[in-house]
């Protein structure tokens, strides 16, 4: 990804602001696949051949921009994820959060 | 991540529709850090201590939801990214795209 | 709204790029109220007193930024809406679209 | 707009959850017009003929979904906006906020 951007002299456009916008735009395009469906129907819809290719591409775009953001800002993504999962485990203890979708502030 | 969701009986909420919404919401929160800045200023702002922790957490959330989406839908993320990068290389040949930020349809 | 921005010397920040980011961020915050719910449950949830105030505020923020965007770019919003509704009526004729949520390209 | 949705029997899809997703998706499409530009360049770009039509359509979509959300939830949008502007005036007093883009918690 770094080589891809460098060869095209695109690092000038790849600021944190712009990469976060691109990430948000791709996440919205992924979401658009499921706009008017029930959550259950989305489980089947993701397997329809035409839609699946689009979903794979949009999900890839999301992760590509997330990795470029991490590259550009020097964020160690593995560490950031490990720490966030530990935070989430503290915010949502199993005994309080089981089977509930409320935010931790409402548990 | 799979264990985390299973222990809390959260797989019922983790449909493609809902996970894509959560991903889009976290991407928007990452973006909010840079709302009124110039793109150049966002390069410095990402290093301010308080903001950096928030940025790391929001980026982690984005990737966590992307991985949960891949888990839930059986998408092979590494393959999807490799294929999307190959597509991007065809859409944006170096000689046409160098130093330009236009969409491939306008190059 | 124009007076509010001018008194604070905020017009320098209110470019189309920045206003569209703010609009997208507020739309995501509105959406976050309904993240893990079924669509049906969201009809009741919007009436819970605490949530309703938040939903009203986020919806107001969305429309405030949409109006500021229109002000700043000189877009006549009433005309734009009338024309878009006419386009939608052509894309989604009643006889083809009734009771269906597919995109017009798939009807 | 109410007639448009009713004629197509679309009210079943127009829950707060789904309408907020559609709104967020359209806001992201509006934002995509300005992805890699500087904020200043976006002021000119919005006047390019092809882009302007797209921007007008996406902004119209945003406001259409905001109005449908208000219709469906019984939110009085004029009151919600007036109250939010009053809140904003308290959060951002002119003497503290003039020329500054920080969040009210950082002023």
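As written, the chains take the letters A, B, C and D, and residue 1 is the first residue of each chain.
We adopt the following convention: contacts are C-beta pairs under 8 Å (C-beta built on N, C-alpha and C of every residue); 3 or more make two chains touch, one makes a residue touch a chain.
The structure presented is a predicted model; accordingly, all values stated were derived computationally and were not measured.
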Same-residue or different-residue interface between chain A and chain D, half as cut-off: same
Higher-contact pair (C-beta pairs counted), B-C versus B-D: B-C
Centre-of-Cα separation between chain D and chain C, whole angstrom: 4
Chain B-chain D separation of Cα centroids, rounded to whole Å: 22
Residues within chain A bordering two or more other chains: 13, 18, 21, 24, 27-28, 31, 34-39, 101
Complex contacts: residues of chain C adjacent to chain D: 1, 4, 7-10, 12-13, 15-18, 20-21, 23-24, 27-28, 30-31, 33-34, 37-43, 45-46, 55-57, 59-64, 66, 69-70, 73, 75, 77, 80-81, 83-85, 87-89, 92, 94, 97-99, 101
Residues of chain B touching chain D in the complex: 21, 24, 28, 35-39, 101
In the complex with chain C, residue positions of chain B that touch it: 13, 18, 21-22, 24-25, 27-29, 31-32, 34-36
